[in-house]
Amino acid sequence: MGAERLAAFTDGVLAIAITIMVLELRVPEDGSFEALRASVPVLLAYVLSFVNVGLYWNNHHHMLHATERIDGRVLWANMFLLFWLSLVPFVIRWLNAGDFAAAPVAAYGVVLGMAAVGYELTERAIIACNGKDSAVARAVSADRNLKGKISLILYALAVPVAFVTRELALAFYVAVILLWLVPDRRIERVLRD
Amino acid sequence: MGAERLAAFTDGVLAIAITIMVLELRVPEDGSFEALRASVPVLLAYVLSFVNVGLYWNNHHHMLHATERIDGRVLWANMFLLFWLSLVPFVIRWLNAGDFAAAPVAAYGVVLGMAAVGYELTERAIIACNGKDSAVARAVSADRNLKGKISLILYALAVPVAFVTRELALAFYVAVILLWLVPDRRIERVLRD
Amino acid sequence: MGAERLAAFTDGVLAIAITIMVLELRVPEDGSFEALRASVPVLLAYVLSFVNVGLYWNNHHHMLHATERIDGRVLWANMFLLFWLSLVPFVIRWLNAGDFAAAPVAAYGVVLGMAAVGYELTERAIIACNGKDSAVARAVSADRNLKGKISLILYALAVPVAFVTRELALAFYVAVILLWLVPDRRIERVLRD
Amino acid sequence: MGAERLAAFTDGVLAIAITIMVLELRVPEDGSFEALRASVPVLLAYVLSFVNVGLYWNNHHHMLHATERIDGRVLWANMFLLFWLSLVPFVIRWLNAGDFAAAPVAAYGVVLGMAAVGYELTERAIIACNGKDSAVARAVSADRNLKGKISLILYALAVPVAFVTRELALAFYVAVILLWLVPDRRIERVLRD
């Protein structure tokens, strides 16, 4: 079974998740810039989430590009990943309604952390299906694994931290993004060789 | 006529249905965990529906993968299936507004039961179009048929049961999911041989 | 330039339009069947619109399947078609808010009539681009043209009629659907020969 | 790495952005034509935005059609473009809520101007990746560059102008569209030779 249709379905869900988030943004109440100011925090949460979903799409793109076969386990691990990413718009709305209270800030970490677990599970399922010597297995380097582990630790820390200082939890979410924005050229390199 | 574009359109509708359901979730009124607690039932309904649509996508994926030709009858049977699946977000909103009253719980069974009928009709139309000796016809085993029949019976029972004990009706919906999560490796096996 | 990406984009817009319509449905106010009864007219409008968009997808599917080339004129005629189809959810919401008053019933005819014009323009642009002897040109039979003309006349009549008897206008909309549900096997036959 | 999946993802986001805009339109309060009249300005903003997104899709379609390779820089420049286009529905809602006040009219120029910058960045990243002698590089003529520069100047002017005369700012937005609707046949010609 090929990976094309899984890639297409994942693209569809990610494209929709990234686009309908905008429906959750509280629109300024009138046509003044003061009204817009009240929307700034949720607009920043939107930017953060847009980049996060973009990162997932980008990494997923590379991973499936190197994948030859998928099976039922890959499909369901991927569903698990998509489930948590589909909750991002819900958390944005809650952040909005709760004025960035501790609980929704922590919930953001839970949702993104579980998505990171889902990505990890999908990757492992793909390697189990394609073999340890497959192109995709070789492409997942020690560096990628390290990044994945650091991300999970940061998310796990951010959840309790949110109840102490919300700003620090938000800083953790930004840190994970910066960690990943450093481009991962490993898969490309392995495929090239 | 090939099955690719039908698969792409179906993927699109399923990806959208699975993603916009999140727009129907009642967001907690403030930033407290108590407020989140009130959203737990509808979040569980979301999980249930996400898995259901995921199962349809998964089964549909396998079925169309083995399909060589489609005709007008296949197109419209598939439209019938998509119509009922598109109503899932509507029922989730009604469950939400009606606090899981008997009527929306029963409606959930009607919608999923009709979707199951739609899947059955699509499968029959595909077999009629591809012939009884086609890969897709051989792939639909007695086991698949049995699962399909049990699902329909469970949905048909859940609708009246919802007016007596809503919990039992919900248990029926969970039972159908468990029935299908046992992976159906038959199509894969037939294709491999 | 090939027709695949135009088909994919059109599929995407149609899949979204057909699915987000459900977001416009007024949900029953509580969990009783009496509350559902108030939603019956708009549910019927939903069924009508679902079948209409399905018909457009089906016809579009056949037309682009037989198309070899597209140009800028085809792209913009197709955009015009998609624009009017994208307004269907808006009219459904207006029907809902205005309790099926004359104006939104007439607006439904305007929107579907303009979509029919858009389909006609797309078809002509495709024939102009592919030539009168192309597969797609031969596939558009006199019968298809007749159906197209009758549809346009019915929509044009329904708009003023809506201000006299809304029921008759709605009957016209159903009549157009019945006219098209008679399967158009002509394109398939021409392609087969 | 091929450009197909990037094209598919971009198509998805654009198809969704263009379709969910309709959810932001304020529906007439009752079933009268007077009620519809109040929706006319936002319907015109919808038409304007539909054509704008359509133009981006069209230009993007041509550009990626001539593209052989993409890299991480192309992916992220394209994400930047999609981010700004995804905000169009948000601005439409704000225009609606603020009755076309100066601030949302200016914001419309900011969002479309930044999208234009994103398109420019994507184009440059593609040329950097494919080389100055590639089909896509030759296809981007002096004329295309001129149009791009004029658009950016018009958007940059429209933002401050919106606070003096909103009508003039809106006229600038229409002018940009007219500038681009003149079909750009250059890419097609270069590919043909």
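Note that the chains take the letters A, B, C and D in the order they are written out, and that residue 1 is the start of every chain.
The rule is simple: a contact is a pair of C-beta atoms (placed from the backbone, for glycine too) under 8 Å apart; a residue touches a chain by one contact, two chains touch by 3 or more.
Note that this is a predicted model, so its numbers are computed, not measured.
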Taking shared numbers over all numbers used, above half giving same and below half different, the subunit A and subunit D interface sides are different
Between subunit A and subunit D, the Cα-mean centres are separated in Å by 26
Distance between the CA centroids of subunit A and subunit C (whole Å) is 37
By the touch definition above, subunit B meets two or more other chains at residues 8, 12, 16, 20, 23
Contact graph of the chains (line, ring, star, complete, other): ring
Inter-chain touches occur between A-B, A-D, B-C, C-D
So, in the complex, the side of subunit D touching subunit A is made of residues 1, 5, 8-9, 12-13, 16-17, 20, 23-24, 71-72, 75-76, 79, 82-83, 86-87, 89-90, 93-94, 97-104, 107
Subunit C residues touching subunit B in their complex are 7-8, 11-12, 14-16, 18-23, 25, 27-33, 35-36, 47, 50-51, 54, 57-58, 61, 65, 183, 185, 188
